[in-house]
């Protein structure tokens, strides 16, 4: 394969999609997120050999939301280990991300760690394990991204708590099935803090490099998770990372990835790079409208696919 | 029809069913209710012409639980009126009484006022309407049964609150659909107080006489609700009063009725009487195992049926 | 209660509702039924003391469709007996009348004999029992209505067979659960013939009088079914007779009844009369739009209700 | 990575798993398949550079069953093109492979081409497109595997037709939603013939090499499908190829694959090889019990994973 000029490809895509009609809609259920200018648009590719290629608002902070679920799962697998899989599955949900149906049918065991219910169980295990769950979690994310400048946004936390009735329904239902061990308020508090973390595209790309690098942090060669765990997290992202659009994402983009309602999507090309797009408006499935399209075109142009 | 000797029929049934093998099980999810001796067994028939026929523990208090939903609906229809039907349906649920599936599918509108979700909506309307919801409600029940000796059981309230995760899930889900107007904790507090009321078989029979008497209290001739509302509450009991065993109850007993997990069932024979059975062990559908059988045999012997 | 002038009430209702805007729609999935003029409108009340009160097109034949399910159940209970209840339930479906969901979830046991799947099981038992199922069935309906002039409509049969994919799905699913014993084509053939029967409002009212008369044919005093079976069929109609509008029907009309997509509804007032309305346009739940309204107003005016 | 001795690895795995307790069960719903000796066990790895490594019964024919769905999809994409995706999705089903629930909920559009309903739609498109669907299909499979010795098994076809009520339910339901264009019997006939094809592990590995080789047949360099289509079929296999165990397969095996109830599983390692296991007993999810375990251990030993 000839050497690709990532900077040019990214700049071209940024230019092209900046002017595309954006049919997406901003997530409405978190009032604090509605304040973000909808024309924000950043792209960053961070390669394993330590090159960063960015375009647009790629160094501006945004709310990572569900992307934090990958960090939570990684930390839980590191601290709690494989036994977490007794309390959460690895199968795609096949249903919208806030559905209670399957959770009830399957006796309080969430389908996978990337639906809200699954992430709530992961939070519950972290609370049972960590001394200071919130600060330990934040510390872990800072380490992965090699940046001290990463914080929770307490306004977003407050906003989500105020309207988070669906999550409260989920966690109560799981508590009734005894799959939540800690106090409901404590679990929701960690969950909303995790989701409220703000990072830039570049920080996210860098933090996800361990999944492209068999579990090893590139910048200091520290092993965070084993090769096997790293590949399994990628597999879980591939099958469950984009809610009920995971099939379309595998089909059209062909890389493992994770999205958030803040408009971010991170994709991993194993042994090569991570690529993060941020554009706040969402398609009908809750994934960044522009982000999905840019990733599809990027992998088509560069003929990138794990398949 | 020849004159029936209700006292003899009731005594015979009490004798017969006292010695029948009771295949039911005590409700396990409310720890406080598990303390009740499982061999308690009372029958009371209260006729419109003011005769009370009782056998066994018919003058002992027990937790009326879901039977209270009929009082709540009656008070709501009296105070709030027909507009309550915009927020709760009158169709049978066709599913177990704690299912979230239908509630989610139907956008937070509970199927009927006798499933938990429906009763929570009724509580919500009472809170929006009454000055002192809890004491007003208690006062209303005392008036219907012509007894001052009726109270909440705060231990049962505490016990239900502690393990009431499913109800919390329901009310949060409905709040997310904006079908709960008041604070979640306040709604649950009224709901659990209502359920915790303790009454005897005789008091329950007497309190339900308005539904056998076209809406008029027999003991003082006061009209509580209109003829039409009275008949509609009976219709709703017939279709939705015994969870997903309503069909069997209509089929085998043939009278409108309402059950509770405390082991009580009240049945109404319009223009004639109310009949209450209390036996704590429940069948698989959550209705009193013995209570259902006694009612079936009573209506067979007396050839009573509205159909 | 003062003596009611049924003829005047019916005439008044006919006059009033003839000119009401009919928001209903003709059933579109049976092409042959779309040919019926949508302004057809008949009312008939047939009393136990042998008076017939009719207005409009009450002596014109129409396709009885699902109303035939009551005849099928009655004949099956007469010939096969109570063991039929092992293969079909008596609970309301709580779902639209052509849903496969519940049938799959409940292992091929239909909720009740008045949803299509349940009627198909009833047909299956008739085929296993009767010598000449189709002609025996027709003979039975003729006997109940005391009329020889009742026939299948083979054009309607052909039309339903051609587009009956949902029923074929149901019967195949039940066959996979071994709840259909006979050949699928034979079962569907009897089912479609049953549905295609054409009767007048007057004939239907008369044929349903056994359910108002404790199981005895009024015109010749012959007992067709026991008192108990008669009351149980009424109970089943009350809970399951109007698809997922049964609750509204109990609530607003207050009598057991059965509807069909041909636009007919029959209601039973035990010990008094049967009342049949025919008006082809259907409401969103698949019941006659005008028929439901006329019945509601009739029972309000006459203060009729079993509750 | 050091050169792997595939023959030794495969022989070792065959030896080890030949003696493992097989907790699986033979598929019971196709009587003809129950005749297969349950201790059959073959492994074959066929590499892109034309080496075949086999152990055990790898050159014995078995019923490929659902593995044929990949051939059908490939032929349909070749002949019908992308417009097939309007009639079938690419999302995982999240439910058992014979569920009608989702199909009804989603208006007759099957979740993906590898559940039965989806494959039936694919068959329907082939019938609309091909001159001689059955022989054209067989010819296509023979070409992919470079073998003339491949046939339908008419006994298996007859056996499946006799008990295929669930498939008949599916196809009727889709016909009711107008997502089946051809005659139901013709669609089922092609479907059952496809499933009845018998091939060896070696033939299957060889036939799947196009998916490891970007759409090109290795043995004659003929392009069968485009690079993009090849990768998309792999993605679809990864997300939907093992019924509702796709997540576990991605997680533990880490390669795209497809299984069948005949006990075969094929896995694809892009740019390297295809690996087929055959062992008839199935785990609870309907996939070969031993096949899944061998694949998991093989990819662990060889550190193979696309992720």
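Each chain gets a letter, A, B, C and D, in the order it is written, and its residues are counted from 1.
Following the convention adopted for this analysis, contacts are C-beta pairs under 8 Å (C-beta built on N, C-alpha and C of every residue); 3 or more make two chains touch, one makes a residue touch a chain.
The model shown is predicted, which means the values in this text are computed figures rather than measured ones.
Participant: Determine whether chain C and chain D, two copies of the same sequence, contact each other through the same residue numbers or different ones, counting it as same when over half of the numbers at the interface appear on both sides.
Facilitator: Both copies, chain C as well as chain D, present the same residues to each other, with over half of the numbers appearing on both sides.
Participant: How big is the gap, in whole Å, between where the Cα atoms of chain C centre and where those of chain D centre?
Facilitator: Roughly 48 Å, centre to centre.
Participant: Averaging only over C-alpha atoms, locate the centres of chain A and chain D and give their separation in whole Å.
Facilitator: Each chain reduced to its C-alpha mean, chain A and chain D end up 32 Å apart.
Participant: Using mean CA coordinates as chain centres, what's the chain A-chain C distance in Å?
Facilitator: Each chain reduced to its C-alpha mean, chain A and chain C end up 55 Å apart.
Participant: Show the residues in chain D shared as contacts by 2 or more other chains, in ascending order.
Facilitator: none
Participant: Chain touch graph shape: choose line, ring, star, complete or other and state it.
Facilitator: Its topology is that of a ring.
Participant: Touching pairs of chains, all of them, please.
Facilitator: Touching chain pairs, listed by label, are A-B, A-D, B-C, C-D.
Participant: Contact residues on chain D for chain C in the complex?
Facilitator: 99-101, 104-105, 163, 165-166, 168-170, 172-173, 175-176, 184
Participant: Under the definition above, what is the set of chain D residues touching chain A in their complex?
Facilitator: Those in contact with chain A are residues 89-95, 102, 111-112, 227-228, 231-232, 234-236, 238-240, 244-248, 250-252, 254, 256, 270, 300, 303, 305-307.
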